[in-house]
Amino acid sequence: MVNPLWLFALSLGAAFLLPLVDRLGRRIALVLVHGVTAAWLAAGLSWLAVLLSGGEAAEFGTAGFRAPLAIVLRVGLAEAAGVTAIALTGLLAAFSLTRSLREAPLGGAMALLMALMGLSGIVLTRDLFNLFVFLEISAIGTYGLLGFDDRKPALRSAFKYMIAGGLASSLYLIGVIYVYRLADTLNLDIAAAGTALSGPAGTAAVFFLLAALLVELKPFPANGWAVDAYETAHPGISAILSGASATALLLALWKILPLLGPAHLSLVAGSGLATFAAGNLVGARQDRPLRMLGYSSVAQVGLVAAVAALARLGGLGDGGADFAAAVAGGLLLNHLLAKTGLFLLAGAVEDDDARGRLAPLSLAAAGVLSAALVGLPPFPGFWAKWRLVRALADSGLWWILAIVLGGSLLEAFYVFRWLGLRAKGEAGEAPVRLGIRSAGPVLAALLLAAAGALAGIRGPVPDLLLWAPWAAAAILFLLDGTPGWLKGLLSVAAAAAFGAAAWDRLDGFRQFFAVMLLGGGALFSIAALRKGGPRRGLHPLLAAATLALGAILVARTPLEFFFAWETMTAASWLLVLRGRGGEKPALSYIVFGLGGAFLLMAGLAAGGWDGGIAAAGWPGLLVLVGLLVKAGALGVHVWLPGSYAESDDESSGFLSSALSKAPIFALFALALSLGAALPGGPWTSRALGWLGLATALGGALYAVYQEDIKRTLAYSSLGQIGYILLAFAAMDQAGWTTSLYLALNHFLYKSMLFLAVAGVIQRTGTRNMYEMGGLIKKMPVSFLSVLMAIIALSGVPPLSGFGGKWLLYSTLIGKGWYLETAVAFFASAVAFLYLYRLIHSIFLGQPKPSQANVREAPVALVLPQLVLMAVLMAVSVFPRLMLDPILALVGDRFPAAFVFEGTRLRSALGYWDGTLTMIVTGGVFALCLVWMLANLHNPQSVKQFNIVFAAERPLRPETTHYAWRFFEPYRKALGFLTRERAERFWDAFGTGAASVGGALRRLYTGNGQTYALHVVLYVAVLYLLLGVL
Amino acid sequence: MSDKKGKPVPLANEGLPAGERGLFCDAPPREYAPAAKIVEDFWNWARSQSLWILGFGTGCGAIELRPLMTSRYDMYRFGIQPRPTPRQSSVFVIGGYASVKTLKRIVRSYEQMMGPKFVVALGSCTINGGMYWDSYNTIKRIDQYIPVDVYIAGCMPRPEALLAGFQELKRIIRAGKAEGQNEYARNFEWYKANQKRVIKDWNMPDYNW
Amino acid sequence: MSLLEFVSRINPVAASGAVLVLVGVWGVLARPNLFKIAIATSVMETGVNLVILSTGYIRGRTAPILDSAVAGTATDAAGAAARMTDPVPQALVLTAIVIGLAVTALQLSYAVRLRAAGGGSSIESYGDEKW
Amino acid sequence: MRELAEKLAGRYGAREWRDQRRDLSSVTVDAQRMRDVLTWLRDEEGYVHLAFATAVDEIERKAFRLTYAVHNHGTGHGLLVHCEIDRERPVMESIHRLWGQAWTYQREMKEWYGIDFPGSPRVDEEFVLEGWEGPPMMRRDFDSLAYSDATYAERPGRETRDPAAYMKEKLYPEADA
Amino acid sequence: METGILTRIGYALVSLFVITNYGLLLIGSMARISAKVQGRVGQPVWQPYIDIVKSTAKRNSIGHGIMFYLGPVFRLAGGVGTYMFIPAVYGSVLFRNFSDSGDLLLVMYFIFFGQLGMALGASEGGHPYSAIGVSRGLSQMTAFEVPFALSVIAVAIQYRTLDITAIVAAQQGGFWNWTVATNPLAVVAALIAFLGMSMHNPFSIVIAPQEIPIGPPTEYQSNLLGMLQTNRAIFNGAKLVLYMNLYFGGATDIVTMVVKTFLIYFINVFVGQAFPRFRVDQSIRFFLGVPTLIGIASVIIAAI
């Protein structure tokens, strides 16, 4: 192990030599600076290598003496990791600082060296006063760095920074001296061993130490000065501040933890949590990226401190040290790399004052960094957060769990809002090229991904199949330049391979859903070939989402399930973000998606699901509510229409027909794990039934008034999901059979509808129905597919849709839910309205001159539609093809409700013979057709204006096509049912949270003195609280 | 009017601007030969028993049609009933004077009726211009523009006269001599020339299917 | 314990240090002028230094120098410790003074650069970054 | 009504004031002053309602006599303001800014009499007749019968009888004149 | 199946022939009765036959495209199909039609088959009035389906089955076993819904003669119109038979069937003569008001 003292000598020597070397040339001086940082990094890595391969911590006394006479530097696992982290952040920041360092006076370079050395010193030293010295060195280095390139705003915030720094150092000094006076040693280990500090005086002395460190860690009320520094300084310096100095100070806090009594620990935990919550609340109100990142880093640091304190205080997890290292360490590593990368990235964009879209590479880096920051898989933050939640749930600290989840949801909101802005950029702005400056963030992103993957695979999720989505995404992103069809085939192959690999591991139930989920993904990957060109980003995300759905099926333990679930949420969110108008809907998609996922996580964590026997109590309910949010039940459906409408046509088809089945599968899995019952007993199933019914009715009623095709289809999917929920809630063989039958049917005809609509939109270029018309003559196959789909969806007899309706009503009447039956009937009648409007406005009515040269949809869309049509027709003529497997699946869990007699399905109430119905309908139809053709005399086919128009000639096709506000009388009659109450509720909720943030924001008045007052008051309050605890 | 291969020559439709010619069908009218005698007689009997009048009231004659629906005259007894669209009606009652504007609409509605179709002209104005004999704006002889089957004279004939007229129309139909549609198709150019001489702003296709 | 006795027990250096610290803190909080804040910070640091010194001061003992001039210290090291005041705080205070100086110098230089760049003299005029 | 007559005469040289009825009078002004009179009547005298505006073909005096009928709801009194314009070149100031519906009357007068109202909205569009190419048909020098005979097909064998003589001959031939 | 497929088809055709003639005569007689109400002599009872022959005998026709021609085919298939799925006469093999292919739900949903097909055909015609007519028809259909569904549920609860033959069997044995006696509210709700279904006057917003000249079939003519008129007869016949089976004890022979269905249709016509036409939103709101409450009451009565 290299003796750290050499490194200090190296740094100091380099700092003194710099003016001389500068004579030779500024470039060489900078090489020297970077060389020293690289040396620190190499040393840190070597220590890590030694320690990880079994070596123990080594201690190095200064000047050969032993403690307490000498200053002892210890190199344990934590210290080695700390030094490596600091050196790494320093190196990344140094790269971005090089240009300004070259122009600015030499002081900047020296300050950088000193700051990094000071931070590493904080980590290594075991001596309290030496800790103070390194604290001050790094503080002075930071002050120098803040003002080195004389950015005027940076000067202002540097001054405020110094005031607070001065206060903190004085506090620390008083604390150190009284600790020395009581324990008469400055060495940490000895002081901790003795009992001198346990008395009232000792507690007070240690309090001063703690207060200083806490102020340095920028706690909530007293961190105005810090956020100003983050906002105004050069991004490299902000990265150092938020990454390196936070790590050093947290490790310093970690070191003095043994000194702290239970009162101190609860102070740290309380202040940390308060900082986390308030930082995120105020962060949500920020519109300047760097200031937002400042609040976010303050919040993250608060969380890590709180976790460290809680670990020691409440015995969180299975015993303090190991758990704290894993969780606090994971969160810190996550925060460190993510913040560094984001600061460098955001700073570069702000410096160029660019408002356009980010270039693909830096956009990918930004995406990875913000996903890691929020805690999406597979980054270290995810694993840490999972263990934290499990530990909090086990020890019953519910309100802390709520704060942690609420805070990270808020953080997700504003970080992804920023990402959405950068991904889309303001209209008309040229894309932003960052060039070399994006190297730092990309490196940080790669490190994050590597660390996360390593932690995942070696840790809780060893099964490689679950990592398939990420692997597929990575490979296809690399191949993004290749032509679209190649990537399409690759993603289809990936889906097929995954299916084959996982098939035998799935039980019958999961195989049924695998057909829909994987099949849907492959289907829409093929559909994505409809347009030429590379279609950057579509195929990787589509493949990732498909395999994530597959992973959900393959997962066994709760963590594996949740890992796959969050992967699916992330991939589908990016799909929505990719759509042309996708920025706003994507934000609401991810916020609701994560909200649901966090409820799911809390439920899974609390439920103790490992043995598969879930606590049937309210953890199960939490999971149920989380799944309902993802399924889009009425009330929490506000994210659904925007996301389905604004994303690309293929991805909205995939979202609505395949991905919407994932929550359904999860509901079934939840019920199965509870022994075919719902948590919370019978009233839950009745409530879920009514919720499903409300969704069905709400979806149908909203869909009636939409002008945009894809919004109509989105609400229609919402409605159909409602039916599936209603049938599932019946919790008996009839109900489950209906639910599965409806799910598969919905997959069939919704895919047909979305494929056809994609073709129509591509050909006509618009999504408004009233701008189309008369396309039957130009797109006959699409018309046929839409016709069959709406006949099936509305439940009109010959096709399989009627089977779904028959099963549903037999279930509901059999179960005695009579009112639900009537409302279900009304909802399915309302479905007629928007279905007819869809096919009338697009395919029938008056063709428009502008769409005269429209051709049939591309083959990539027509082929899948033909296949689906064939399948639908087959299932309609022989219902047993679909019903037999479903009945077998559901068979053994409930008493039999349906039984097949030949082709007739009999239930307690009635019977239905699909084949005979089809034969009779076909025969009657043929009879009438023959009768019509026989009597047709001299038919003259006429054009669109040969209509009886009150003896006038129609003026223009646009004014003769009745399509705009098609059901206006219906709105006049039943408008009160669809007054967008859910949207208004969630807007109010958002404004409420924003106003809390706004109120807290008023604390940061920008006046340095006020910030100093906050620091002093904060310390005073802590002291008073100390007395109380 | 059909070319060598028996395919009808499409009409020119100059009245329409170039961009709108695609919106209208440009096939010329055709003669439809009646079926075999026995079948045609039976069909004519059915046509005579079910006369559906087009609800197109021109001039003061329209008001005479309303009493026929009431209990005093009750045309339903004879199987006559009003229909709102020319597609489904077989009798076009021209009730009184026809200005140039009205003639243009009469021509369009008449051509949109399905054959066999019959025209009953009421009042002296349709015969020889009536009291509008010197007006700059009134058609003085309707049968120059569309074929007429039955004239009912009077300056406005009473509903009883109308019923008598309809009995006469029934007799003509049963006799098979009400072939106005074929006659219109045969002399289509002549009729169209007369019409275009009077109707100046012809923004419609030549034959309105 | 009477007031007088309590007063006599107070370590005068610590008391004055504490007063200085409070004056310093009051100066930082009350006076908006940049330079006054810098000076108030240095006053606070001197106060803290006094407090540090006071912890090492033991009544009735001599300076911690092993020297023949001090009775019997040159030879009997162990015994000398009992007769000397505690040297460690004095050593620490040296570093603290140096650091206090450095921070105050840096603070003043920033104040000068801010004023040179045309900013106002009071800290209120530097509140652009807020909320 | 007397003071209104004097005021009009004094201000705009109005002449020939005549009370046709208790609530209706007529007056004549020069064509150039017409718009001022109407504006004044509307804004000051409360004649807020323009009932109609029409023309009479005074072929003998080679002039068109324009009449604007305004009405005062307060007093319930109607006033006909006449003026005369040359028949050869019939041009009149447009008053479409005074009343919203005035342009319709002016469009009608343009089609039927050929009086041009420069600036009036859509004055040249067809008002009643479609595709009318003949001269303005309400002018007294337009021979409607000749136009009808030339344009519309005639049914032969129609002769016109003097109604009085024909009735006598048909109903009471025996009575002597 | 006990009787061969061919004989069943033969029986079905005979049954169809009977119901078609009965339907036409029913419409003719009802028109004559309406005329009597208005004090007129009225058209001869067999007038619908003549009208259909005349329409079919038209010499030429126009078409707007494939779907336009298929509209009436769908419509007639809907009417005939609905009849085929209802056992007209209880106990007779001749009139069993193909009712063994589905229960009451199949019949209720097959009614939509005809309407949807007709709607598509009408909108292919490109006429704005037909589109307006269809949108009104569908809106009103969603409204009157609720009372009808409630009454069907009440019947299903009461007889614990949805199989029409079983429902009729349960009502045999005199008036007091009919649904109209055992659960009158359900019958009231169903009859109000029947008003909406048959589009008689208060609810004739779809083919509102003065507003939108006969709505959807504006562009239809000649033999296509003939098919629509034939369907009007058969579809009415089918619905009447359905109502008779569900609420009025079915019929064991043709005579009772004719009498019962005649009387049911009688109520319908009478209401039609007495009321002016509703506005569209009024008729929608009407159905979801009192009739729905009656329906709910009937369900509650049946459920207890």
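Annotations for the structure displayed:
Letters A, B, C, D and E mark the chains as written, and numbering starts fresh at 1 in each.
Note that in this section contacts are C-beta pairs under 8 Å (C-beta built on N, C-alpha and C of every residue); 3 or more make two chains touch, one makes a residue touch a chain.
Keep in mind it's a predicted model, so treat the numbers as computed, not measured.
Fewest steps needed to get from chain A to chain C, stepping only to touching chains, is 1. Graph distance from chain B to chain C, where chains that touch are one step apart, equals 2. Measuring from the average of all protein CA coordinates, the nearest chain centre is that of A.
Counted by C-beta pairs in contact, the busier of A-E and A-B is A-E. Ranked by how far their CA centres sit from the centre of chain D, the chains are topped by C. Chain geometry summary: the mean Cα position of chain A and that of chain D are 79 Å apart. Chain centres here are Cα means. That of chain C falls 101 Å from that of chain E.
Chain D and chain E, compared by their mean Cα positions, are separated by 61 Å.
Centre-to-centre spacing of chain B and chain E amounts to 36 Å, using the average Cα coordinate of each chain.
In chain B, the residues that reach two or more other chains under the touch definition are 30, 32, 85, 87, 209. Residues of chain C found to touch two or more other chains are absent. Chain pairs that touch one another, listed by label: A-B, A-C, A-E, B-D, B-E.
Against chain B, the residues of chain D that register as touching in their complex are 129-134, 137, 142, 144-145, 147-148, 151-155, 158, 160. Only residues 30, 32, 34, 43, 46-47, 49-50, 55, 70-71, 74, 76-77, 79, 81, 83-85, 87-88, 90, 114-116, 181, 209 of chain B touch chain E when the two sit together in their complex. Interface residues of chain E, counted against chain B in their complex, comprise 31, 35, 38-44, 47, 50-51, 53-55, 57-62, 209, 213-214, 217-222, 225.
On chain B, the positions that touch chain D within their shared complex are 100-101, 104, 127-129, 133-141, 144, 194, 197-201.
Considering their complex, residues 774, 776-777, 787, 790-791, 794-798, 802, 805-806, 809-810, 813, 816, 818-819, 821-822, 825-826, 829-830, 832-833, 836-837, 839-840, 844-846, 904, 908-913, 916-917, 919-921, 923-925, 927-929, 931-932, 935-942, 944, 946-949, 960-963, 966-967, 969-970, 972-974 of chain A touch chain E.
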